[in-house]
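Both complexes shown next keep chain A, but they swap its partner, so chain B is in the first and chain C is in the second.
After this line comes the complex of A and B, so read on.
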């Protein structure tokens, strides 16, 4: 199948990176970029394919992170098991929020606002509830053994997050080619028309939200194991919700590679501006913001869209024949 | 020409002979005149919500490094200079962690800083992977030193000690005026530092005869305190205890001033601005009579007065971040001096046995037990007039507490 080659090649190329560099700076940077790619892919499934723009993906990220951390520290559950339960818990929260908001018929900006509100409620609850350690947060004990999902070197972490990203890429590609994916896009394009043709819009959206939440929760659980510290601001704070939607928007919304491209570009940009500005505090963020504005202004369909445009510019006939930029190469 | 050449050849032979002698005797000392510089990681949140404090912290650390270098560097390493590797934690734990990775690959001998408790938790843990000595400058959460990380040291007090000192002094102040204050409201920021402190205060205040009417958390950053102050007005407590970072503290105090909410006392515990010269200078009315239990330099130490002058000559304020970081860098430099090198385990061992007294804090010589400096303690201050006076401990108090606040 033609569509699978790019995924295989990209993942293989990225997997080889630790063989060429032992620099933990590079690996740490790539781990963060891939984490954002993973969370962004979660958002992309619901927002990009399903057209349901969530501003509160931190609700799922935080649940994944907290469940992973709390099960270990309070209940002595093995970290790997805790991580899997964290993903399930994230999916559950996704299903619950989805059921509540879709059943109430919330769409567009109303849906965006209600997800934001759910995330904020969870943040406040987590900052006072004793089980999360309240404002003090939950600290996972440093214990560098693979059995407890902690590694001396950064490389295993890198391969794990790459594996998770690979799974998310494959999952989204499968969904894209499936009946469920077609329903999802139909709902995005015109929910009433889709319903008129017999698509159960409610179920389709709920399914997408659950999978999306599970992917994002995996990112949260990984974060907890990587940094070994979770508090309400990290877990449910708006930063991750913003990162989750920034990556696919920059990379290309509703495309398989959009979130990965976006995350790599955004993070590289952040590091480059830091190098350029040296020790002037905050200047890198100013430049970073400026470049983001330019990207949005000149490539509104993201980098994937820009690539498609450029290809269309050079080979008009090819682009016309294959309008979906993602399926074209390989 | 010929003669000249011959002479010059003879000269050449003479000088080269001299040179050879010099090479065996003198040159090694010339070559070794200065050891290779020792790199020191200076990590602060210089952008983001904690940027002001982060920049002040960086200032203190850099001043100390300049001073050490001007004074002949590390003597045990033949006057090696200390080279700062500056890092910006961007006010987030993962930002701090990423900077530690960079500093480690840049080959730093140790790291100083972190400032925020959650940044310190993440950064010191990352440093622990590389046995990289980490000196926490401010981060007060006790878990920072309770995790059993061998590389992590804290020069300043943790909030267990701070809360106890604050309450002891509060009780004393209150007893001096016939226990006029009975009810309390706590306003705290909701991350590790503020929440942890609020929790401690909530358990200890009732034991000391105070009733906690309400505890109000708020996030950092918060840009409006009107509702919080309305709640304070409604409950009308005798005392308000704020525990938050600089910007929020200033805003809270100003909003209280605007709404004319004047309890009998504002008694902060680690109030981000309550003992800041910046706050006193910019908003003298809002700051008047505010008491604080916080990090404070030793006013009896001439070194601290000299540092204060130096900082103020630069047009900056002498805030606690400055003198804490200044002291931490001197402490690390002393450890490097005694370890006689940049070898990390040796520096850690030197810190464990450190009895350093050359800092500007009223702690006495350092003594680390499980990474915590045992002598570290906070000081009580009060804004009186246009200055900040020490009201406790009595050993170096410069004024008596004004309590209750006179009605304006």
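After this line comes the complex of A and C, so read on.
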């Protein structure tokens, strides 16, 4: 089937990396990049395909992370089960915030601000509520067994996050080719015109937000298992909301590979900055800001758009060469 | 009842201090072309928006297929078979012509391949077959009007509300589109059209309503309407007499 090969090849190539290196630095870097790719794919579905720009995807990331951690530590739930419930809880939070904001007709920057506000409320609640460990946070007990989603080495974590990214790539590709995907893009382009064609914009946006939140919550649950620690600033802090939108915008908004491309670029830039400047706090954000401005100014469709343009640039010249027999046999 | 697909009963619409539609009533007979004409600002588009569910009426009710549909949201009315085009065209700018039409075709076809195939058929019918892969953003005015028409047709409506689909077209383009509208009617679709191009109204409409300042002031066959002094006066008063006198030949 057309369109599946790039996903298969990319995932296969990435899956082979641990066979060539066991460097924790490399794997750690790739794990973080893939985590951002996953979280960014969640944002991309709602923002890139649906045109609803959220500034508060940490609400879903944090819910996934906290639910995974708290269910284990307070209620003795198996980590894998907790992880799945975390995804469901994230989806629920997405549906709830979506219902509240879409029903009140919030669009554009109003929607962005309201999602930001919800995420901030959750962050504040999490930093005082006893169940989250309040200011101290929640520590997951070290227990390096696969049954409880913990591993001796980084490679299994790497393959798990890669698997999650693969699922998200496939899911978004499937949505792209479905009626739901067509409706989602139609709503992004023009809600009135979509409604006139029988599209229930409200339901479509709500569906997208729910799936988007679930994908992002999976990233949060993974984060909790990888670092075995969650606190309010990590889980619900703005950092993840920013990276969630940065990756797809830089990589190519509303494209299947945009979030992955963008995450790799953003994380590479982040590392390079660290190499050059040491650990000056906040400097990576300055670099991100600069890159974002450059991308929006010169490649509004991101890296994926740039690649498509380059292809388009070479294709017509080939086609033009065809009718000319001299060149054809030259 | 069976012969009346749409019945508008005493519908009014107030925007603040402005009474845009004032107790307007009319019916659209099944399988016919009904025209709604009137000077600029008469409230024609507002009336369409009310019928299609985009605006709630201040008072009055809309009966479609024997059922009161007043206040139903647009997407549900579309699913019941009411399609509208927008006077100010609303293409999905970022999509191709084919994708634009497919959104409509998806209403009755969940599978992408079938929706795309149906969309290609509709494109052929309105003369967009050669432009399927073009971005909607690159279409000419005439192309965009055709796209509006194609998308609305793609939902396979029973009632089609056309809001000035001929405006902005040159006479030869109008001559191309008029038979398309005839063909749509011949497929059994009931049409209500808002139109300023009198030549098209004369050749297409079986019944004409005249809306002036929100009120229906006359109705009848196209011939009756053109000879009706109240109608002529309404247009003259708004400086639109030229359009009538010229018969719309160079209309739009």
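The rule is short, and it goes like this: the second predicted complex is superposed on the first by the 294 of 330 C-alpha atoms of A that agree within 3 Å, B and C clash if a C-alpha of one lies under 4 Å from a C-alpha of the other, contacts with A are read in each partner's own complex, and residues count from 1 in each chain.
What we mean here is this: contacts are C-beta pairs under 8 Å (C-beta built on N, C-alpha and C of every residue); 3 or more make two chains touch, one makes a residue touch a chain.
Quick caveat, the model's predicted, so the values are computed rather than measured.
Enquirer: Chain A superposed: clash or fit between chain B and chain C?
Expert: Fit: chain B and chain C sit side by side once superposed on chain A.
Enquirer: Mind working out whether A:189 is in touch with chain B, chain C, both or neither, as first, second, both or neither?
Expert: second
Enquirer: Who touches more of chain A, chain B or chain C?
Expert: B
Enquirer: For A:232, decide between first (touching chain B), second (touching chain C), both and neither.
Expert: Only chain B is touched by A:232; chain C is not.
Enquirer: Could you look at A:95 and tell me whether it touches chain B, chain C, both or neither (first, second, both, neither)?
Expert: It touches nothing on chain B or chain C.
Enquirer: Quick check on the superposed pair: does A:23 touch chain B, chain C, both, or neither? Answer first, second, both or neither.
Expert: first
Enquirer: If we overlay the two complexes on their shared chain A, which of chain B and chain C does A:306 touch? Say first, second, both or neither.
Expert: neither
Enquirer: Once chain A of both complexes is superposed, is A:148 in touch with chain B (first), chain C (second), both, or neither?
Expert: neither
Enquirer: Thinking of the overlay built on chain A, is A:139 touched by chain B (first), by chain C (second), by both, or by neither?
Expert: First partner only.
Enquirer: Please give the nearest C-alpha separation between chain B and chain C in the three-chain superposition, to the whole Å.
Expert: Across the overlay, chain B reaches chain C at a minimum of 39 Å between C-alpha atoms.
Enquirer: Which residues of chain A are in contact with chain B in one complex and with chain C in the other?
Expert: Touching chain B in the first complex and chain C in the second, no residue of chain A appears in both lists.
Enquirer: Residue numbers of chain B touching chain A in their complex, please.
Expert: Interface residues on chain B, with respect to chain A: 46-47, 51, 54-55, 86, 88, 90, 92-94, 97-98, 101-102, 104-105, 118, 121-122, 125, 128-129, 141, 143, 147, 149, 188, 190-192, 194-196, 198-199, 217, 219.
Enquirer: Using the touch definition up top, name the residues of chain A that touch chain C in the complex.
Expert: Answer in residue numbers: 177-179, 182-183, 185-186, 188-190, 192-201.
Enquirer: List the residues on chain C that touch chain A in their complex, please.
Expert: 52, 54, 73-76, 78-79, 83-84, 86, 90-95, 99, 102-104, 106-107, 109-112, 115, 151-152, 154-155
Enquirer: Quick one: in the complex, what on chain A touches chain B?
Expert: Those residues of chain A that touch chain B are 23-25, 28-29, 32, 127-128, 134-137, 139, 141-142, 144, 152, 227-229, 231-234, 239, 274, 279, 281-282, 284-285.
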